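Multiple structures are listed underneath, in structure tokens.
Two complexes come next, and they have one chain in common, chain A, joined by chain B in the first and chain C in the second.
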Partner chain A sequence: MKFETNAKLTAVLLAIQATPLTSTSETNVQGCYISDLLSDVLAHAQPGMLWATVQIHRNVVSVAATKDIPAVLFTCGRKPDANVIAEAEEEGITLLVTPLTTYEAAGKLWQAGLHE
Partner chain B sequence: MVSAGDARKITIAQVLVYELRVRDAMSKPPITALPSDSLREIQKLMKRHKISGVPIQLGTKLLGIVTIEDIITALDQGHIDDLAEKRMAQGVITIRDHFSLVRAVAEFERHGFGRFPVVDSADRLVGVLTRGDITNCLMHQLEKRAEEAIAFEAAALASRAGDDLARRIVIRAPVRTGDYDSAGKVSQRLRQVLRERGIDPDVRRRAAIVAYEAETNIIIHSLGGEVTVAVDSDKVVIDATDVGPGIEDVNQAMQEGWSTAGRLPRELGFGAGMGLPNMKKCSDVFEIKSGNGQTTLVHSEVFLRKAASTP
Partner chain C sequence: MLEELSLNVLDIAMNSLSAGARRVEVSVVESHRHDFLILRVRDNGRGMDAATLTRVLNQRTTGKQSRKKNIGLGLAMLRQTCEMCDGHFHVRSAPEQGTSVTASMRLSHIDRPPLGDLNSTILSLCAANDDVDVRLKYRTDQETFNFSSQEGKPHEPRRTQETERKSSTTSRAA
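On to the complex of A and B.
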């Protein structure tokens, strides 16, 4: 399915068979950044983007919060610990998990229109 | 003699009674009538202006006064069409406009009149004073003082709030080697403070990135250290210090992609070789001092500006 660039997260979930780990109501994302290097995300991701990564450490939440990234997508079915999820809830960051690889997820997100 | 204790018991109303003058309270200009006006005309004048006494004046000379009591008597005894000059009270007792209200109150007590014509120092009639005028004046002045006091309180509160915003906030935290779980604690607090102060989001992110990278650098590379963040009214100052082992080649460390991070931090997503370059890029002032076997000192300043849309 297609959705607008400023996509409702529910549409993103459908496109990549993702399940939310946190409450996701009305979160919007604009574009996506993919990296497993935290400093790289700090340097190059834009605020408001979806961030896809295989990293599930709590520092992902810190980096997302620092960079005003509203949603993080964990690929390859990797799920973070409950305390990481709790921290994300506290920071108001949506966490998602998809069984797809980062490459597959990226392809489907692009196809679905999540690009500028 | 009044002791300090007694003085404190004097109410603001008492102060006002001494402070205020007859000219502050009197009704002015005076509503007057001519000696050739009939009592009936004067009665209409009283009704129209809602007053109970009318000085009778010819030119600048005060001849007498006709009061509501005179009108009632005239109606009762059927001489309401008589002229004022025939029925007015003569030899009227006046009060000076520069008298204090407390003296005016004493004059009312002494004479038992309902009103006084008020004359200035040249004996010109300038107004009429009733007991009601005194009460109204005091109430009005009390209200004014109360409003001033409230405004003063509000201004003092606002100024204290302003001081809070301008106050320097210092966040200082020790950072331990390999403590990846604590990374970002200082940065998180800094983000909160900057958000509360309505700082521009871009500036907030840059300052938070510098603090975060400073924390992770100490965790990954050092033997332990400390990060201090000071939020001033115009800038965030971030100082990171550690106890070694120092950076052998600072120029090399400042290049993107160059990293000495070990396997574990790399697996966690650290060690991209971008920490120091990121810090420099996000800073308005950036200094680093280190050397093999030395402590490393990183100093960064990020200049603050308010978000344009902040109300």
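On to the complex of A and C.
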């Protein structure tokens, strides 16, 4: 893994077999929010959280930027276009992808201690 | 992506009001026969020049400053919904020519959000500004429904007041 994270996130990333899509470094996340409805994320996600979704539209990056979400996890192996990744780089948002389903990823994230 | 399409309509129409529109026309065409849903919000507000239009359509928040300027994600989210539901999205605008936003989608698309509470949307718009003519045109394969918030109101009450004021000042001057 290219980027340096705090120990917790590194463990978390290993737990969900996530691959980073961006080169953003020093990502810290506190808690996680899961939703595929952008307006729901705008309403309920908290700054600093990891956001897991199957949506790969560029609006995801805009919403993450608006809510100060430092890292987005795409589940079910869904990868966004190169221009979405480039926009995330620009915004300093880390994008991750995991082959796991959202449910599996959520379970493992919880187990790895992300709820604390 | 908003939960209901009527919220998208409300979002766009509120922009129309901020653009100083005196008339906001919401039109909804719901055709089961042709399997499409078309939403259009048309206003006679101040409109946008080409540069602003491009910026709004390609909107993504770039850093905290632009977030404070509050250029929303509204159009970008509606566009995403249209594209996801096999539809099209189009905005036409020019300075002092008003703005027209047209969004279409496949009515039967499994990810198409429900239309939602359009009544409340129209009611909110009417309540938001009493002077603005809020119109709704709702069309299905069978029927058409038309509404205007200025229906039944005395014609141009503002001008009457102004005329009165003018006549009174004239008389005072005389």
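We adopt the following convention: the second predicted complex is superposed on the first by the 106 of 116 C-alpha atoms of A that agree within 3 Å, B and C clash if a C-alpha of one lies under 4 Å from a C-alpha of the other, contacts with A are read in each partner's own complex, and residues count from 1 in each chain.
Going forward, contacts are C-beta pairs under 8 Å (C-beta built on N, C-alpha and C of every residue); 3 or more make two chains touch, one makes a residue touch a chain.
Because the structure is predicted, anything quoted here is derived from the model rather than measured.
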Combined model on chain A: chain C and chain B, fit or clash: clash
Touching partner for A:Thr19 - first (chain B), second (chain C), both, neither: neither
Which of chain B and chain C A:Thr53 touches, first, second, both or neither: first
Where chain B runs into chain C (options 44-52, 242-250 or 278-286): 242-250
Footprint overlap on chain A, where chain B in one structure and chain C in the other make contact: 37-40, 42, 55, 57-59, 62-63, 65-66
Parts of chain C lying in touch with chain A, wherever the complex brings them together: 1-3, 7, 59-63, 67, 73, 76-77, 80, 84
Contacting residues of chain B [partner chain A, same complex]: 180-181, 183-184, 187-188, 191, 201, 205, 208-209, 212-213, 216, 268-275, 277-278, 281
Chain B-facing residues of chain A, complex: 36-40, 42-43, 47, 53, 55, 57-60, 62-63, 65-68
Chain C partner contacts - residues on chain A that touch it in the complex: 37-40, 42, 55, 57-59, 61-63, 65-66, 87, 90-91
